[in-house]
Structures are given as structure tokens and as C-alpha cells.
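Below: a set of structures, written as C-alpha cells.
One chain, chain A, links the two complexes that follow: it is found with chain B in the first and with chain C in the second.
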Partner chain A sequence: MTVNVLSPGLLTTIQDMGRPGYYHLGIPIGGAMDRMALRCANLLVGNDENAAGLEAVFTGPELEFNGEATVAVTGAELPPKLDGEPMACWASFKVRAGQVLSFDYLRTGARAYIAISGGIDTPKSLGSRSTYAIGALGGIDGRALAAGDILPLGEATGGAEGREVPSELRRSPGNPAALRVLPGLYWHRITEASGERFFEETWKVAGEADRMGYRFQGGTPLEFIDREPPFGAGSDPSNITDACYPYGSIQVPGGTEPIVLHRDAVSGGGYFMIGTIIAADMDLIGQLQPHTQTRFIKTDMHGALAARKDRSRTLNAIREMLSE
Partner chain B sequence: MAKQEIRSPLPGTFYRKPAPDQPEFKAPGDNIAKGDVIGLVEVMKSFHEITSEFEGKLIGFLVDNEEPVAPGQVLAEIEN
Partner chain C sequence: MTSRYSFGGDEHIFVEVSEDMSLEAFFKSLSITNAVRDAAIKGVTEICPANASFQIKFDPDIIHPDDLMTELKRIEETAEHAAAVLETRIIEIPVYYQDPWTNETLMRFRERHQDPNSTDIEYAAEINGFANVDEFIAAHSGSPWFVSMVGFVAGLPFLYQMVDRPRQIQVPKYLRPRTDTPKLTVGYGGCFSCIYSVRGAGGYQMFGITPMPIYDPEQEVTYLKDFMVFFKPGDIVKWKPITREEYDQAVADVETGRFMPRMKEVVFSLEEFNRDIDGTNAKLLEALNDR
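Moving on, here comes the complex of A and B:
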């Protein structure tokens, strides 16, 4: 079974859960920016949660099916249309051979996940089908979808149409979006007042927001405490001696605009990091449109671990519901 | 005479000029042909041309230069 890409949309990539294990070599973890949404899409069509699907940013692709399949679209509210007929988001539906899946204008969120029964069966690179375009890894020849591509699908294990993830089990970033932050190792580099202000102010997603990182604007520049620059850090007070950048870390080059590193981020460098977005809230960032008002909420390790446990309880509830 | 709407497929920032020191792509009253560029939307570090699917006369813009736009938002109206 295959699917023809009639039009790719703005930037549609093949993604699965990513390729952890190579970040120390500079190869990012990759994978869906909203992993919960991709897991749900896969579960809805009867796939393994880690199967590869499509991540469509802001606009959807146009896909022609060469055989029968079950399809689900989750994440952003990017309403699917089958031969022009509107279909529901977060629900599985049947597609017959020859039918065309297209999408309406984006309503909310930023990234929709399209799962097709059987999963996309392109070759794996370093254990994953996820597209890392800058490194030309995964996907189709290491790039985003293009018109004329033919997507190979795996063997479907019998997905059921008419399944749904109820709205109370879906999560959206809110308005303003609230992202919880664990203050980091370099917290001592800024003044107390500056640290408090970072959490009190409302920021806004900048145009520079993609799979590598999300930039935020609109807050007051950070105030650094005077220091003798350590060896290798340089004279800019916002620079540090080169260090590892964790997934979710918030670097603030020049102390002005925070950038949250996401799935395709660089793994190290010399920018000060104010803290790290907790793992439970990283999926939310994948659904932020430019100009979205955003608050950073201070938490601690206890709060971060409790939030992670909460997410895994929700995922288990969805798994249970969809396995029936 | 019918009024047609040109919508932004993308969220981002709308620009009416190809560059800050260049003239606007189109002004109200201009004739528009199918495929004419009427502006740009910037998102994810790149600029995307907004083209007209219609021909006719440009009535006006509903979004100012450098203003944020949402997907599906009407950018301009055309009379044909």
C-alpha cells in the first residue's frame, strides 16, 4: 500500500518518537514535537505508538491513497477533508483507494499529526524514521515531503474507524500559554529581581520558531551579576564556558530573547540557560503559533516529576480506552 | 460585480512590500491578475508569497503592513 503526495503543504515531515542516544555526538533526538498527539494518532488507527506518521505545520498536505486505510489526524485543529467532505479531528476514519485527503485552514494549534494504518515504512536512519532535514537524516532522502513523493506503508494490523480521543483527554497550551520551568544551573548569574520578572512578564512567540527552537519576545532583558569571565566564556555576560544544552533548555543569547530548544536542537554551546521547560510541557510548545502570548511558570523538581507522572496517567487512560 | 477574498493560509506577520526600501506589491484600485503576488507572510524564518486566485480590482487590505495574521484571515478584497 502506498500514498501519493499531491502537494506537501508548507512543511510536512515524516516523524516518529525520534532517535535518542546520539545527542552527545551532536545528532538531535528528533521526532514529533507533540509526541502525545502522534501517539494518539497511532493508537487511533491501530498502529504501534512509535510508528512513523506525518507532522504538518500550519497547512496540511494533499494525499491520494492507492489502497484502503484507516487514518486519524490529531494535534492542531487542522480539519481533514476526504474528497472534500469534512472529517473530525482526533478520530479515526476509513479511506478507500483513490480517495484524496486534504485539509482546511488551521483553526488552533500549530502542528497536526496524520497517522495511517500500517505506519509510514521509509528506511530508518540511526534507529528512527524521523526527518532531521539539516542533517539529511530519516524521512525521504533526509528531507520534508515534496509533490510526487510516494509514501510506502507497513502492514496494517487492522485499525478500527470511528474511534475517538475525547476532548477531556486532549491538552492545549491555553491562552496565554503556560510553560513550567525548572530554574537551571546558571540561575545564580542573574539578579533576584531579574529572575522574578522573567516569570511575571508575558512573553510572545516570535516568528523564529521551528523544530530546532522556539524564540520568545516582549519581556525585559535579563540583568546579569558582574563577574570575571571564566576561561572560554568571553566578555558578554550572557555567555558561559561551553556546556551541554538539554532538550527543553532555555538559552537567552545577549540576555534578551529566550529560546527553548526543541527536538532538532543543537546539543551544546556557550549561551547562558535560565532553566529548562519540564518534559511534561514540551509537547505544548509544538502547538504554539507565532504571536501566542506565553507565561513561564516556576516549578521545582518535585513539580516536574509530578507533572510527568500526570502525563503518563493520561496516556495510560488513552491507551486503555483505545485498546477496547 | 462580486467581492472575492484573499486569505492567509499561514499564521505569521504580513508584509505588503518585498523589502522595506521597495514599493508595495499592490495598492487599492490596482488591477490584479490570477497569480499576482499581493504580499508576504513571514513565519519560521522564511517569507511566503501570497498570491491572488482571482482577477479583478483590488478594493483594499484588511491587514496593515507588519501586522500579525492568523490562518484563514482575510488579507485583501478584490472586486470582479
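Moving on, here comes the complex of A and C:
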């Protein structure tokens, strides 16, 4: 079975759960920015949770089906249409050969996930089908979808139409968005007052917000504690001897605009970091549009692990419900 | 050197071996990360050595963050006493300094640079006290360099100059990063040289370009058929200045599969190096040029 890409949308990429194990060579884990949403889409159509689907940013693609399939769209509220007929988000529906899947305009969120029964079956690169465009890896020739592409699909193993993930089991970032942070890394480089202010102020997602990282604006520049620059770091107070960057780490070049690194992170560099977004909140970032008001919420390891448990309880509830 | 441990969220432990860059800090980071790899700790998913630090990614559902922290500190104690000897390779990397492509790019981003009236290499030569660019190139390409980290983007090496500190070149990064850098640009920031493996954003000063691909996801380049990334931490590099004609020839040779980087197996001892830097480097270059 195959699907024809009639139009790709603004930026639609093939993503799965990523390629761990190569970060030490600068190749990031990649994969769906909102992992929970892709897992749900896959579960809805009867796929393995790690199967490859499509991640569509802001606008959807137009896809023509060459055979029968079950489809689900999750994540951002980007309502699907089948031959022009509106379909529900977060629910599975049947598509017949010859039908065209398109999308209405974006209501909320930033990234929609489209799962098709059987999963997208492009060749794996370093163990994953995820598109890492900077390194031209995965996807189709290492790039986003283009009109005329033909998506191969795997063998469908199940899945039924009319299944749904109820709204109480979906997470959204809130308004203002709340992202929990574990302070650390080079937190000691800024003054106490500056650190407190970072958490008190409301920030705003900047235009530079993509799979590599999200930039935030609108808060007060950070105040550094004086120091003698370490050899090799560079003279700016925000410079460090180039080091590895954790996923979710918050670097603040020049102390002005925080950048949160995401799934296609640069693996290292010379800017200090004040902490890290907890793993449970990484998915939420993938749904932030530019200009979204955002608060950073201070937490500790206990809070991070509790949030992790919460998230896995939700996922288990969804798994149980959809396996019935 | 007392290492500083910090959690990077609930899935990373970040360890700063030293704030300053030094070969000692790099060797310590490399030996601890090797020991962590050998320990095969359940739940550890990524082991990333960096210049003077390292990072471990883990799954806290498998190993509690505090337990992993304790385990890493224990490993550091034993790894610290390992002899700093490395079996590695020295590779000659051809560089076309002051090439037209990086020059065109740096001219586009002059307003983000410390000195809009000079080129990156002129600026670097001047602030490091060289009389002219030729002298600067002679210094940059004269001594060998250690690959002290691979990262930023796919396969990009950071290189540390193997000379004593007073002779080390230091250049600040751009005031604001560029949004474009040609593929295979030889760059410089802080005390590190680098090779941009792919085209993209960057903040390092641009000195030249190499015709030798170092990252090939298609794995078509002859010497990248086994693995798509060329460099690994611990590699030793010698820059070789080349002309436009040599550059064009090398590009054509890569295209037809005839280009093979010159490289030799060598053993590097940090102790020996510290005793006699120039003598050790001379021996390394001798090994490289031995036919």
C-alpha cells in the first residue's frame, strides 16, 4: 500500500520515536516532538507505538490513498477532512482507495500527528525513520515531504475505525503555557535575584522555534556573577568551554533570550545553561505557537520524577482503553 | 581538578571536569566516559565525552538518578588513575585558507562581527599578535590538533591545538551567530578549531574550507562506507594548506572515489607530550609523513 503526497503542507516530516545512541557524534535522537501525540495516533490505528507517522507543522498535507487504511490525527487541533468531509481529531477513521485526506486550518497547538495503519515504511537510517533534515538523515532522502512523494506503508495489523482518546486524557500546554524546569548545570553563574526573576516573569515564544530548539523573548536579561573567563571559553559571561547540551536544556546566549533545545538539538556548544525542562513537559513545547505566553516553573528531582509517573499513568490508561 | 556534577533534568547527568580547557581535562573526561561504557550500567543510553566535561543520558525508570550519580562518582575515582596513553591515528586534512566561499559568507554577516572592516582570519591574526595572515596560517597549520569533542551537529569535530598555552590561538566567537556557514568550513572559536560537517548556522570565525567530506549520510564517499561519521574524540589532525588548484583536484578525486585521507596509527602519551611538546609533535608528524 502507498500514499501519494499531493501537497506537503508547510513542513511535514516522517517521524518515529527517534534514534538514540549517536548523540556523542552530534546526531540527535530526533523523532516526534510531541511523543505522546504520535503514540496515541499509532495506538488508535492499531500500530506499534514506535511506528513512523507524519508530523505536520501549522498546516496539513494533502494525501491520496492508493488502498484502504485506518487513519488518526492527534496533537494540534488541525481538523482532518476526507474528500472534503470534516473528520474528528484524536479518533480513528477508515479511508478507502482513491480518497484524499486534507486539513482545515489550525485551531490550537502547533504540530499534528498523522498515523496510518501499517505505519510509514521508508528505509531506516541508524535504526530510525525519523527525518533529521540538518544531517540529511531518515525520512525521504533526509528531507521533509515534497509534492509527488510516494509514501510506502507497512503491513497493517489491526485497528478499527471509531476509536477515540477522550479529551481528559489529552494534555495541553495551558495558557500561559507552563513548563517545569529543574535548575542546574550553570545556574550558579547568575545572581539569586536574576534567577528568581526568570521564574516570575512571563516569556513569549519567539519566531525562531523549530525541531532544534525554541527561543523565548520578553523577560529581563539575566545578571551574571563576575568571573575571570576560563581558558578556552570565550570572553562573554554566557560562554563556557564548549560542552554537551542536555535535551531540554535552557541556554541563554548573552543572557538575553533563553533557547530550549528539543529533539533535533545541537549536541553541544559554548553557551551556559541555567537548567533543563523536565522530560514529562518536553511534548508540550512541540505544541507551542510563536507568541505563546510561557511561564517557567521551578521544580526539583522529586517533582520531575512524579510528573514522569503521571505521564506514564496517562499513557497506560490510553493503552488499556484502546486495547479493549 | 575537582569535577562538578549536576542533573540536566531527570534524564541527564552533566559532569564538568574542569572550567578551563586543557589536555588533562580532556583525557580525564575521555577515560571516565570509556570506563562508564565498559561498566555497561543498565539504563544508561548515551555517553557523550566533551572537551573538558561529559554527559550521560539515562532512563530514570530503570536507574534512579541518585544511584547513577553515586556510581559515576565511584567510576571517576578509579578512572582518574588510568595512564593517559591513547592508541589513535593522525590524519592530514587539506585546507584551502581564505577561499572564496567562506569569504562570500563572512562578508554577508559583517554586522555580526567584532571587526566589520577586516575578514575573520585578518582579525584572528591581528588579535593573536601575528604580523600577517601568512604567519597566522603557518601557526594554525604548524602543530597537530586533538579532536577533543565531536558534536554540535552531525560529525563536527572540535579540535584543540597541541602547543603550550602561551602559543595557543584564541579568537572570540561572532557577536551574534550567523544563520549560514558553508559545508566543510574550517572555523575557530575560543581556543578550538572546528570543521563544519554540514551547511548551517554557526558562531565560529571562518578561516578556510577543506575538500574532504567528514560526514556522509549516503555513505558513498570511499572512506565513509563503514560509518557515516569520520571523526572520533582522540583523533589527531594536521592541517595542510593547499592552493585553489589542489582544492579543485581533491574535490574531483572525492567525486570519483580516488581521494583517501593520509593517516597513520600512532600512540600518544600525555606524560611524554608534557615533557617535550615540540619533540612529541615532531615525532607525530614524522609518523604521518613516513611512506
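Note that the second predicted complex is superposed on the first by the 324 of 324 C-alpha atoms of A that agree within 3 Å, B and C clash if a C-alpha of one lies under 4 Å from a C-alpha of the other, contacts with A are read in each partner's own complex, and residues count from 1 in each chain.
Heads up, the rule we're going with is that contacts are C-beta pairs under 8 Å (C-beta built on N, C-alpha and C of every residue); 3 or more make two chains touch, one makes a residue touch a chain.
Because the structure is a prediction, the values reported are computed rather than measured.
Looking at the superposed arrangement, the partner reaching more residues of chain A, out of chain B and chain C, is C. In the superposed pair of complexes, A:57 makes contact with chain B only, with no contact to chain C.
Common to the chain B and chain C contact sets on chain A is no residue at all.
Contacts from chain A toward chain B in the complex involve residues 10-11, 57-59, 105-107, 110, 207-210, 289-291. Contact residues on chain A toward chain C in their complex (touch as defined above): 20-21, 23-27, 125, 132, 134-137, 142, 182, 184-185, 230-236, 239-244, 246-249, 253, 266-270, 273, 275-280, 301, 304-305, 308, 312. Interface residues of chain C, counted against chain A in their complex, comprise 6-12, 14, 16, 18-22, 45-55, 57, 60-61, 65-66, 149-156, 158, 165, 170, 172-173, 177, 189-192, 197-198, 200, 203, 215, 217, 229, 232.
Within the complex, the chain B residues that touch chain A are 7, 9-13, 42-45, 48, 68, 70-72.
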